[in-house]
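Notes to accompany the following structure.
Order of writing sets the chain letters: A, B, C and D. Residues in each chain are counted from 1.
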Amino acid sequence: MVDQADAPVGVEVPAALEMHGIVKRFPGVVANDGVDLEIRKGEIHCLLGENGAGKTTLMRILYGLYQPDDGEIVLHGEPARITSPKAALAHRIGMVHQHFHLVATLSVQENIVLGLSEGTGPFLRSRATRARIERLAEEYGLQVDPAAKVWQLSVGQQQRVEILKALYRDAHILIMDEPTSVLTPQEVDSLFGTLRTLVDDGLTIIFITHKLDEVMEVSDRVTVLQKGKVVATVNTAETSKAELARLMVGREVVFRLEKRTHEHGEVVLEVSDLHASNDRGLPALRGVSFDLHESEILGVAGVSGNGQHELSEVLTGLRRATKGSAILEAKDLTGCSAREIADMGVAHVPTERIRVGTVSSMSVRENLILKSYRSPEYSRWMLLDEKAAQRNAREAMREYEISAPHDGTSAGNLSGGNIQRLVLARELCGSPRFIVAAHPTYGLDVGATEQIRQVLLDQRDNGAGILLISEDLDEIMQLSDRILVLYEGEVMGTVTCDEANIDEIGLMMAGSRREEVGL
Amino acid sequence: MTKRVLVVLGILALLVFGSAVALADEYVPGTPMKVGFVYVGPVTDYGWTAAHDQARQICVDTYPWLETIYVETVAEGEEGATIDKFINEEGCDVVITTSFGFIWGTQEKAQQYTDKIFFHCTGFLREPNMATYMADFYQIYYLNGLIAGALTETNKLGYIAAVPIPELKRHISAFAVGAREVNADAEVHVRWTNEWVDPIGAAAATNALIAEGCDGFAFTEDTASVVQVAAENEMFSFGHYSPMYVFSEEYCVSGQIAHWEEIYLDFFKKIYDGDYTAHNLKNVDYWWLLQEKAVEAGCDPGMVINPAFEAELKGIMHNDPLLGDISVYDLVMTRLQQMSDPGITFDPFEGPIYDRKGELRVPAGCILSFSELTQMQWAAAGIVGAWPDEP
Amino acid sequence: MTRPNWLRIERREALTPWVVFSVSFAAIVAALLAAGIFFKGYGVSPVRAYGLIVSGALGNKVGLAETVRRTIPLLLCGVGLTIAFRALFWNIGAEGQLLVGAMAAAGVALFVPLPEVLRLPAMLVAGFIGGGLWALLPAFLKVKLGVNDVISTLMLNYIAAFVMQYLIQGPWKGPTARGFAYTDKFPSSAILARIPGTPIHWLTLILGVVAAVIAFIWVARTRQGFEIRVVGENPDAARYAGISQAKVILVAMLVSGGLAGLAGVGEAAGIHRMLLAPVKLSAGYGYTAIIVAWLARRNPLAVIVTSLLFGVIMAGGDVIKVTLGLPFQLVNVFNGLILFFLIGSEIFMRYKVSIVWRRS
Amino acid sequence: MSWQSWVISTFAFMLSYGTPLLLATLGEIFAERAGVLNLGIEGMMIMGAYSAFVTAYVTGNPWFGVLVAGAVGCGFSIIHAVASITLRANQVVSGLALTLLGLGLSGVLGRPWGGRPLPNTLPEITIPGLSKIPILGPSLFEGHSLLVYIAILLVPVLWYVLFRTRIGITIRSVGEDPATADSLGVSVSRVRYLSVAFGGLLAGVAGGYLSVSYYPAWTEGLTGGMGWIVVALTIFAFWNPGMGLLGSFLFAALYHLSFRLQPWVAPELLRALPYLFAILVLAFVSRGTLQRKAGAPSALTIPYTRGQD
């Protein structure tokens, strides 16, 4: 336990913000359990912790979105009661949410002035506003067209709007909630650049993340949260990834699972010249081609929004391909419905396990037969066979260690890890030959992560061909036999895991072809 | 869950079947009488139901032995239940239903409660214990027609009518006959609202007719909407059902007022005296007109013609084959007299009368029989506009 | 939305029938207390008034019969609506579907030459299909074009009413109706039998109860019911599981509208025995049924109870008019009040509302 | 029948009958733009009509009547606001309840007031100069009350407010994405309350116009279903005041023609058209970029609870 006191302090910097003994309870969980936090003026302070450690909750309290059940907030030495975002903004606190808070149908400019009360009465000073936005954009490298409607912007641009929004309200403390999860390495660099200029101009930045590299790269100090408690606050200069990781998970992490290398079997899936459009009707996949073999994990790397999502949907029948084919066992998937594909024994671990993979309000038992409910196994004529479903549930819960009071508990009451186990239990029954796993461990604690990765490796060893889509490069590197990089719907290249190198993959994710990055 | 609900329903069913019909005994003449009125509209409308309810109050004030109860705005299909309540719970001896739509329900109940007396307005079905009645305006519409025909300058008169039933067709034709009598070029333009109470629609219809060039209005709708719109446009109009002089003292010339009490008073008295019983009503059908004072000409009690128009109407002369040269004012008064006298000496539908298709409907020297009047579908000459079921 | 700190509102984990019942009950009591003011205003003791209303609606043959008569259409429409709502389709169109059902039945009754024995069955089938097809229209619009279901179904109610108005004033107007806007009386073979001395057309009542039971089993125990629930609870998961949302919505709406159509057949062939003005044929049953279904928490079996409750409320209106001789408009006021208290009570079902004393 | 007379009567009626529709539609547009569907318009209008008549009758001042009508409509709409915003009740059910309540209450309170003419109604004005224009003059600039022109002037004003001012931005953001508005310190409930109240105000005034100008007397149920037409018109208008004007007047014209054309066309069919239009419009704008540009507010009918986005 590194203590605040014995962290050597140079010049005494006044605290911009202190939070004392913050407690926040939600039904069933204590999200923040007596959290103490001290942020110094002009620093980039990382809040490190796994998903569910309470980082976001703490910041939502600071931003007035939640009211703490206990504890106090001190700003520049003054105790402050922040009852609403309005109050937070009044205290010069700005927040860039992980999921952007932008009104899609409004213009950039309208989004930026939304909620402000400048100008006289209800009237806007459009020209002046526009000028100021352009000035800020210039100053901090956040170029974006003030007149554009937000729904027309790219994700990166939308994040710029978010930052501009905070700056426009001259925030002195800027909270960034996992800002890099949607950016390319290059965009990340320019973001970090922006952050530094901001800090030089005297802003204080609180940076929420669970990525150790980012902490090391950008922060001055780190506060590590674990299960709603602060485990340490340390100077970045005096710590290491390993130490942070230990603080974060509370034990040494095994950074490599043992992976038996062996010969891959014949081709399971043959994708050639696949095209598809996204929800806005714009091309999302442009001629993707690749092979997937038995007993192979093919990792698909890429910044989110570059076609991975569409790829997984096309291969599982949730999205129509506009061109090309995906041959599974001599059958073209692009022509098939989701149901037909599922019946062919294709397993799909969806990106959003809670919103898509399960029905929260229905029982574990029912969720486990979400796809197989029609099979004679679970239904007689039109009627469902509750008994069979129950038996199935009992076995699955035992085999995959799904911890739930009983099989009648509604899925919504399960923890993230257990929900993912539930999904896997359902998808992997009957050992599928082809598995699409999208972000299988996203937001899970280390224990669950390890278990689920192991399950995938076992499936691979049993001969399944697995398409692993993930934004977590570490995961891709660990599990994949080969790595395929997508950029704007095109394959930048494929590398085997032993020749893989994170920097080059990063470049490919940023849009340079494999040959260009000299592999 | 299922079981419990089914049990509950079972019990309900039992109750429905089980409870026997509580039959009160027949009314004894000379004893206090309780009468239940089933109204189709709210007693606060300014037409049909209001008129019936005023009549009811007059009866109560007149006969100390009379007790009444009423239910307003009874939807069609609910009259049966209301009648049941009147008889079983309120112990009514007589039930009065004031809408054509209640006809079948009333008959059904009359057949069920054979010892109670039923009185149905505007209907044509009768039972030994179910009589029918109607106070009709056609004579007055004819009088209004005379005035309108004389006053119109565009020779186009407007008539806003609720629903195309024989009653209204009769009135419109009478109005047209009157207008044509004093003004051969007079046309009566008709618009249907298909609602008995629809002030907004009536106003819209009036506007439409004004646009057609009409400059005077009669109507059948239970609000004063038409009178008001006409007045706004400085055009004359005829009140309907209730005294509408108040709505336009300048432009409301005349109109029709109902006095249902005349019928009710007579009916109740006869029951009280034992003349009418639950066994001899099969052929009792009141068809009361000016002569019986069941209806009155004018837009305010006692005012046949609005004084504001007296002079003008006295100035307009008309040549009548029998009466010779006579002012329209006097003509109206004479006709009123002729139709109010005990021995009626005039009827608006006195032949020869042709319909607008040129077909002879009433041969010279004849008048229409009661059943011809009550089932009238043809449109008199001079009527313009849609005319459903025109023969 | 900002909330005072002393008030804590938490989502309820699970909604127990007990909570639903007690909260709803409390709400209705509160509503009656509020409505009592009006009775006082008219110099009638509320206690006496309510006593009369209950006894008038349940305590005697006539009242009970009226209550049940009102319950029948509410039950049929209500059960149908629970299914539509289960599939996450906001069907506000029961009224229109009811009218179309009535029109279809009337058409068969009056203009289709059929052997006597077949006429009623044919009318019921026609009514079901008519209502069902009318309901499929908005379902298609939603599935194919994403048209807002609340609005489209609402609009279709008016279109149905105008069509009906047109029919009875024009082509279908009965020669024996003496010019009034009615069709002719249905032939005796097209009239639903009633329980003697009451207006209860029992066949429809039975159909309603059976529908409720079957619907319950259908939703809770069958494969298709499973699909309906998945679609209703989480459309994305349904897509993911390969369940066709379109198909489910169409099926649900077909049944939903069909049952409303049956209610229409009941009103036409059981009560009026002819087709007449829409406002006369249905006392807004289709709209009240929305509340009935919503109050039943989308549970078809519970509709049996809630429809009965509103049957009592509607029949109670007669008592207010007849026995108490109060203005009939009070009925609407009461229904309005009761509704507001019920929806007001919703929050106590979805959230546990507690007062916390924070030490300062 | 000269064509002029058709134009004149139709235009004149468009204004006199279209005005209440326009007022109420403008109000509903604001409520729905803020994400609250209010099916209680009929109830608010009839209450407005009732209170306007009584006030005007008692005080002898029709304008005062209109004001009170606005206040009453406003107050009445607050009931819906409390139910659907604070208590997060189902907006459809709450709206239906409001209509029931309005029809009932106005009926009960209005009983003594039936069958009386309103002595002094809203004065009809003639616009000097403009009224001289052939055809348009007599139809548009003569014999209408000032309220008619106020309603029409409201259209550009409200359009500007909705699309060019901070108020508009706030309202639209609350109707599109309340969570975002909230995160920027906009009080979602406050904005929604105000929008609904504004809608109620206009609905009340619309009712008032009916009872002190269009039909200066009290009859229960006098709005005769206008409130539901407004629901249709609001959609037909793409939630845009300008289109609201077009829709209201178009419907008024159709209603007028349903009477003028009665000898040739069945009126029911003409009157069913607006509802048909509303559905067709929806069919066009419910998908794709059109949805973004002209579709319904995304959060319409969805209650907002912080932290559940």
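In the analysis below, a contact is a pair of C-beta atoms (placed from the backbone, for glycine too) under 8 Å apart; a residue touches a chain by one contact, two chains touch by 3 or more.
Nothing here was measured: the structure is a model prediction, and the numbers come from that model.
**Student:** Between which chains do we find the greatest number of C-beta pairs in contact?
**Tutor:** Summing C-beta contacts for every pairing gives the maximum at C-D.
**Student:** As a quick test, compute the distance in whole Å between the mean CA positions of chain A and chain D.
**Tutor:** Here the centre of chain D sits 46 Å away from the centre of chain A.
**Student:** Mind checking the centre-to-centre distance between chain B and chain D? Centres are C-alpha means, answer in whole Å.
**Tutor:** A distance of 37 Å separates the two centres.
**Student:** In whole angstrom, how far does the Cα centroid of chain A sit from the Cα centroid of chain B?
**Tutor:** Using C-alpha averages as centres, the distance is 78 Å.
**Student:** For chain A, which residues are shared contacts with two or more other chains?
**Tutor:** Residues 84.
**Student:** Indicate the residues of chain C shared as contacts by at least two other chains.
**Tutor:** 2, 165, 169-170, 327-329
**Student:** Can you tell me which residues of chain D touch two or more of the remaining chains?
**Tutor:** 107, 111, 182, 187, 220, 306 - these are the residues of chain D that touch more than one other chain.
**Student:** Following the definition at the start, I'd like every touching pair of chains, please.
**Tutor:** Touching chain pairs, listed by label, come out as A-C, A-D, B-C, B-D, C-D.
**Student:** Which of the residues in chain C end up touching chain B in this complex?
**Tutor:** On the chain C side, the touching residues are 60-62, 64-66, 68-69, 165, 169-170, 173, 178-181, 185, 195, 197-200, 209, 212-213, 216, 267, 271-273, 276, 280, 283, 301, 304-305, 308, 318, 321-323, 325, 327-329.
**Student:** Under the definition above, what is the set of chain A residues touching chain C in their complex?
**Tutor:** It is residues 27, 67, 83-84, 316-318, 337-342, 348, 350, 352, 355-362, 366, 370-371, 373-374, 379, 382-384, 386, 410, 413 of chain A that touch chain C.
**Student:** Quick check: in the complex, which residue numbers of chain D touch chain B?
**Tutor:** My answer: residues 1, 5-6, 8-9, 12-13, 16-17, 107, 110-112, 114-117, 210, 214-217, 219-224, 226, 255-256, 259-260, 262-263, 267.
**Student:** Spell out the part of chain B that touches chain D in their complex, as residue ranges.
**Tutor:** 42, 44-46, 50, 191-192, 194, 197-201, 203-205, 207-208, 210-213, 223-225, 228, 242, 246-248, 384-386
**Student:** Where on chain D does chain A make contact in their complex?
**Tutor:** Its residues touching chain A are 161, 164-167, 169-170, 172-173, 176-177, 179-187, 288, 292, 298, 306-307, 309.
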